[in-house]
Every structure is written in structure tokens, then in C-alpha cells.
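All chains are identified by letter, namely A, B and C, in their written order; residue positions are counted from 1 within each chain.
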Amino acid sequence: MSIDAKLAELGITLPAAAAPIANYVGYNVSGNLVVVSGQIPLKDGRVAFTGKVGVTVTPEVAKEAAALCFINVMAQLKAACGGDLGRVRKVLRLGGFIAAPADFTGHAPIMNGASDLCVAVFGEAGRHARTTIGVPSLPADACCEVEALVEISLD
Amino acid sequence: MSIDAKLAELGITLPAAAAPIANYVGYNVSGNLVVVSGQIPLKDGRVAFTGKVGVTVTPEVAKEAAALCFINVMAQLKAACGGDLGRVRKVLRLGGFIAAPADFTGHAPIMNGASDLCVAVFGEAGRHARTTIGVPSLPADACCEVEALVEISLD
Amino acid sequence: MSIDAKLAELGITLPAAAAPIANYVGYNVSGNLVVVSGQIPLKDGRVAFTGKVGVTVTPEVAKEAAALCFINVMAQLKAACGGDLGRVRKVLRLGGFIAAPADFTGHAPIMNGASDLCVAVFGEAGRHARTTIGVPSLPADACCEVEALVEISLD
């Protein structure tokens, strides 16, 4: 099944790659590596999930937010691939940042919101290395942020 | 001296590469680059060093914890190398995350627990670039976490 | 215009690449990729900008600090390029870390201190992907830290 068909099956419509909120670009390509900028849970141009996990955001909602971050990662990646996500050979690494207080310990299941979607969409090629950490705050009060390093095939 | 002999000399027995605590893999390989997932101070399947540095964990103990993180990095790296750590050409970068309060400033000597071990084991090939930051919290209440990017030789 | 001429036009004199404050190196090179270690706002051997943004450091001053971090990134990069910054083909990614309290939301404009300078110096080659996060604390009480991944041309 193509990646586009898989996305359709999952009921996901990728947005246009979000314009960065400052002086940078959404992705860069070097050889067959794509570096995707940290994506926050933007939807329709606004941050859809703000606040701190475990305080004003439940873990369940934060997991949805992480999935939305990954949808935005895929939008950037699609642009990097000239529109063809079938060129993704391996999602090498996801970095996950969870805005939460010092006593929070449940980062891993929240980041699975992004990781589960990555594996659901890309299958074996979506099995990624990962680093997840807690942070006190994120740009625009986002409750989480996800970045990626991806290997693609050359045209 | 081989890396295995060096590890033996240092009294280090590498564990089996730890199973990730969520939906990701411990490492990925792209060309001659290995991306190692963030490793927490797991020992025998449990987090051996929890808490906050400077509050419930002394800097000395945290340095041990960082060394344990790097032992877990090496375990992943060995698996990535098909069991032969002699294939490590350069530890390009270590990322270090220290769980500590806002007034903490002693991150660098703690991360040296990982860095010193890296150089002791790999010699010149272990001289790495590094980024170390403080964080409010880490998965499973780990007091520190270490990730790596490594260049290896192809088979 | 050469990069050196551009730096002169901007009134920037690059310092010697700062010696790391612990057991690591300022950069590593793998193929045509340069990994630059996290750089804090060191000037003349001391941390010129300490404290927390939004508490003891204003956003305006923090933006200056981020620019200084990037000056230190360029100093490392110049060393990695054997003195010739004209070999920079693409600044692939900047990572930005802003020491700030939990209620801080203005990370992006501060990190633009680094990003604006990157684009001013390198032009199209300076258009980078970026991840910016808040942190509770940084080594040596730095108020921000910047790391980089850069593609260079081979000699």
C-alpha cells in the first residue's frame, strides 16, 4: 500500500508544510538525509495544544498533541521529498520534547503518540531511534514538540 | 588493544542492548552513521539512578549515572556494529540531559562521567562533540540521559 | 562577497574556537558533515550572559546572547573548515536552548538572534532547520546555548 493510501486509511489529511514561526526553514536535505525542524502541535495556523502535561493537559490529550506534531513532521517531510512520501527509506530518529513539571515521569507513553503514528504510516521504515525529554516550556506555549532525522531515496 | 580488551581492563561487562521502554528502537544505521536512542541509567532492567541532581542525587552519584548511560549507549552501538565495537571510527556527538533544578550549574562535570568513559574506551576515536543541557524531568524519573551519533566502518 | 568580508562588514571578529569546558571537542567532521558542540555565550573566556530569560535577563539581551553563541559556533566551524568558511555549503540545523521559567513562551524571537546572524553571514546557505526548546538550567549558568549541524564541501 502506498503511503498516501495508508494515510487515507488512517483518516489523515496532511496539511501544507507549516511556515516556520521565525527565521528558519521547515527542513533541509543533505545527500539522502532530511533534517526536519521541531514541529509544534499547530493546526489551521494556531497552536492547538498548549499548557503543561500533568497540570493543564492530560496525558491522553498530550498523546494526541504528539501525534499532531508528527503529522506536521510528515508534512515537512513530504515537501522535502517533492511530494512523494514513498521515498522515505528510514525514519532514523525522532526527538520528543514534553512540557511538564519536575515531578512528571510519563514522557514515554506521550511520545508514543508520535511513534505509533510513525510506525503505522511507514511500517518497518518507520521504526525509529528516539530521545524524549521533559522541558519547562516550549515556543508559543506548545505542550510538546517533535523533530526528525530521516533517510530518503534520491530521485 | 581491542575495544573488548579495553572494556575488560576497565572492568566493564556490556549488558545486552536494552529493549526500548516504548514504541521505538535502540539504534538505527544509515550508511556509516549510527544514531543511538537516548539511554537512561538502566541496570538489570530497572532505572538505577532516579531523582534530581543537586536535590536528591549528589553530583558524584550523577556522574556514575552518566557513565551507566554511556555503558547502555555502548551496548546499543555494539548491536549496531554486529557485535564488533572495533568498527567504531568516531563518536561524533554525545547529547547529555541532566535532571536538575533551575539553580543548578554543574552539568559539565556530571556529563564527564559519560565523556571520560567514551575516551577511555575508544581513545582518539572517542573524542566527541557534545551538547549538555539541564531538564526538569526525564522518562521514568531517570536523573540523566545520554544519546549518541557515531561513525562506523562498513563491514 | 566572501564570508570573511561579510563578517567584517557586520563588524564581527571571530574569536579562536573556544576550548571545551570539559572532556570533549568543539566539533567533529564525518564526510561532509560537521557536528558543532553546544556553544554557550562565552566572550574572552568567561560566560558573558548568565541567568534566566524573563527573570534576570531581558528578551533583548537574550537575543544578543544567542547571537554570541552563534559567533562561537562559527569559530568552531571555521576551525572545522581549516580556516575557510567559504566551504560551508549548508547550515542544516541549529538547536537552541533557552534557560527560562515554565511560563516563558517567547523562545522563537530570542533564537532569531542566532538565526538572523546565520542568514546574514551565509545567505542562502545559512537557511537552516531549527529546534528551539526551553530548559531550566544550562552549564555555567549560561542563559542560552546553540549547537549546529553543517554540510561543508570537501577540500
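Assume a contact is a pair of C-beta atoms (placed from the backbone, for glycine too) under 8 Å apart; a residue touches a chain by one contact, two chains touch by 3 or more.
The structure presented is a predicted model; accordingly, all values stated were derived computationally and were not measured.
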Common touching chains of chain C and chain B: A
Fraction-based call for chain C against chain A, same above half, different below: different
Fitting chain A to chain B on CA atoms, where both chains share a sequence, rotation angle to nearest 5 degrees: 120
Geometric centre distance via CA averages, chain C-chain A, whole Å: 25
Of all residues in chain A, the ones touching two or more other chains: 101-102, 135-136
Residues of chain B touching chain A in the complex: 20-28, 30-31, 35-38, 52, 95, 97, 99, 101-102, 135-141, 145, 147
Complex contacts: residues of chain A adjacent to chain B: 32-33, 90, 92-94, 100-109, 111-112, 115-116, 119, 127-136, 149, 151
